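As written, the chains take the letters A, B and C, and residue 1 is the first residue of each chain.
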């Protein structure tokens, strides 16, 4: 980045870069869309994002309105599609819609930060090795034996129950798993020829880590972001359920806790429990699906091994017989006459 | 009376895949006489190993589909045998020695117990008796201190010792036919000779038939009686080992022989066959070997040559065979 | 060779233990530098001198009257006598006594859950691998996608709603007299089993599916190994191959995960215990959290960490027995 470049070229360069990235993301989404399982995940996540962003416009009622004493404990109806709460008469659908905000925000932001931290730690441990490696791995081993949920409870107790603290704690204690996986991948990449070539060419360690190793782990990171986001959403719901989330926000976990505390079980207000549960389910399910499909896209071997059974089920017997017959001595005068469907590809 | 230990007619194996049908073995015939050692030679990827597994009906479906017109072991037709019936044939009447003994042995079981299993499965004997026979079998293949070695795990033995264990296992029930699938490829050259010596000694001593799968012609010249040369799923030449080494008919056999450097031979140049075996999804038209063949003509590019049989029992699949003597041509 | 491996692993576990207990000592001190201010905020009608005296007494009570370094040494000394400190509850019970009281009840839940999920999981995982690509396999795959997205506490709420309140099959809340009246009689054990049913089921569903999926993948990976082909070539019967060759090897990675699972289950039971009001360590921890009882919370944390360290060490050593290939330095 030299200072002599004039502004125009810099902007052009940035523009090109952004375009390239956007194009890649577009291609990637296209791949997800083509995969039947990926499509479900994509649709679910898109809906959730829309709900979260436009919650005030979509939600039919004010979810914070606790003054509807006349509408307490209503079962699902046209007025209240998911019913109302027993205690305060809040509209559950509206609460559910507002709840997506917390889940997505916490889940995705934690997932992304965690991916960064895990990648940096894993790459440093794997590539630099030596002291750095053993130091990081010792830390991982320590983190592994400390029980996560109790620790989070202790830390939120000490530092306050706002979402910054919660995200911070999730990140600080969640990166270890990813770092281990990245590290073992880096150990393989480290010995690949292109990294060796870059080393011989005199590239700096930093350059090699950022330009050669990081891209090699990117698929793992993207996949991991999707999967950890899902995991964090469950964890956040659990924390809120225990009453340890941000007390001012509406979240699915807190809704469940209110339902339990408010006697939903006792009075048979099943809608009050099922609604937030389904919210958690769909959010986690959508992100999981995307993560799993990414894994399949990036590791085609896994797909191929399970695909073979499908292939056998749908095998065209006549075609098989033709193939076998074409191998017989006399018929093979003109060689491989049968053009095979995928030969061109 | 049948002189053949193994008679196989028209074996075909394909692997359906999303990219198309992989034709691994395309209709091969194989005869192994009693006490004979038959070698199947070819580069990797030509279908040798698939053939060896097919003989034992060990190919899983999926992924493989197998057809065979005749698969006779001694006087037993195995073609329609069920899996359960095959289980009592395997190990007892046919056994196999795999290439890489490290992966072919169960890593968490002592080698002794793995040989014991063979005796226990096919004989009605006690564990103690089985172990006694195991120790005998291990001593027979030259495993020193068999008693303590039997209690070792595979990773504690050297490569040569592991291969000997596999050989001992294969000969345990004195089967009628033993298949050795590249038995020495994974070993050091010096160990290769020893293991081969053991294998050959055992085969001759117990007069079993041996089917030797290899890409290494120097192995063939030492051990085999008859050689089948396989190329891309087809037999391209069958001959006795002496004939093949003296006068290879198929250009591919010639190329294989020429690519083995000989110390005594200083006159001829070291010849390589250009390129490699075609991908089983993209086999060329006509003779599969034509893209790599120096003698290929237009006919070779269009039509697959038939497997022609000469009077002296040799067979060759080529329109332009090399080194054909006058006596053979008269037929 | 094996002996040195064992010693090395034990020394490493001790090292980790020291790091953990040091962290355990310092973490609450990041937030609390003076327990007196935290627990006894100044009250009206109390002179400054009086308040100072009360603060001083409180500090001494919790050992905060000396330097942090000295506190750390005292902490180590206490630990060496298995003294985890004193709870802030009335009567100042020892933390270790409180843990000892609740631990068996948590173990009842987590050990039962582990055993159930391990056995059923391995069973259905093996079946799925055996019937690969058929409906059994697809069912497991779908069950695992669904159950992963359903948090255990939601399953617990649903179970407690339908099986507990609606159908009244099992108690939706733990009988409060269960612990007090437990006397090892058959009747008492039956009551415990009855009360434990729902918490165990809600925790086991995820475990069963998880072990099932792991077993399936592991069995399939082993089935593709050469030595299984050898076993088949030897003519061994299918069952022999499955039990003696496939499962023996496929269980190795699952055994390694057992140590983590049991400690994870104990730590993760917090929410489930809270839902069913089960008087285990989880509820103890939440009680401590709601009253700001840091000595108790940190005592439980240290106990859980130590438990995890020992469980990991045991599985690691057990693994060496199961897998003869593992030697010094090969793992990790």
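We take it that a residue touches a chain if its C-beta (ideal position, glycine included) is under 8 Å from a C-beta of that chain, and two chains touch if they have at least 3 such contacts.
Note that the coordinates shown come from a computational prediction; the quantities given were computed from them, not determined experimentally.
**Q** Identify the chain pair joined by the greatest number of C-beta pairs in contact.
**A** Greatest count of contact pairs is found between chains A-C.
**Q** In terms of Cα-based centroids, which chain occupies the most central position?
**A** A
**Q** Mind checking the centre-to-centre distance between chain A and chain C? Centres are C-alpha means, answer in whole Å.
**A** 26
**Q** Taking each chain's centre as the mean position of its Cα atoms, how many Å separate chain A from chain B?
**A** Chain centres of chain A and chain B, defined by C-alpha means, are spaced 50 Å apart.
**Q** Using the average of all C-alpha atoms in each chain as its centre, how far is it in Å between chain B and chain C?
**A** 54
**Q** Could you list the positions in chain C whose residues touch two or more of the other chains?
**A** As it turns out, chain C has residues touching two or more other chains at 133.
**Q** Could you list the positions in chain A whose residues touch two or more of the other chains?
**A** Expected reply: 308-309, 312.
**Q** Can you list the residues of chain B that touch 2 or more other chains?
**A** In chain B, the residues touching two or more other chains are 62.
**Q** Which of the residues in chain C end up touching chain A in this complex?
**A** Counting only chain C, the residues touching chain A are 16, 19-20, 23, 27-28, 30-32, 132-134, 145-146, 148-151, 153-154, 157-158, 160-161, 164-166, 172, 220, 260, 263-264, 266-268, 270-271, 274-275, 285-286, 289, 292, 294, 297-298, 300-301, 304-305, 308-309, 312, 332.
**Q** Across the complex, what residues on chain A touch chain B?
**A** Spelled out, the residues of chain A in touch with chain B are 304, 307-309, 311-312, 315, 319-320, 323-324, 327-329, 332-336, 340-343, 345.
**Q** State the interface residues of chain A toward chain C in the complex, per the touch definition above.
**A** For this pair, the touching residues of chain A are 137-138, 141-142, 144-151, 153-155, 157-159, 230, 234, 237-238, 241-242, 244, 256, 259-260, 264-266, 268, 270, 273-274, 277, 280-282, 284-285, 288-289, 292, 305-306, 308-310, 312-313.
**Q** Would you mind writing out the residues of chain B in touch with chain C in their complex?
**A** 53, 56, 58, 62, 86-92, 95-96, 98, 100, 103-109, 117-118, 121-122, 153, 155-156, 166, 169
**Q** Given the complex with chain A, which residues does chain B contribute to the contact?
**A** So the residues of chain B touching chain A come out as 10, 12, 14, 16-21, 23, 26-27, 61-63, 65, 67, 281-287, 302-304, 306-307.
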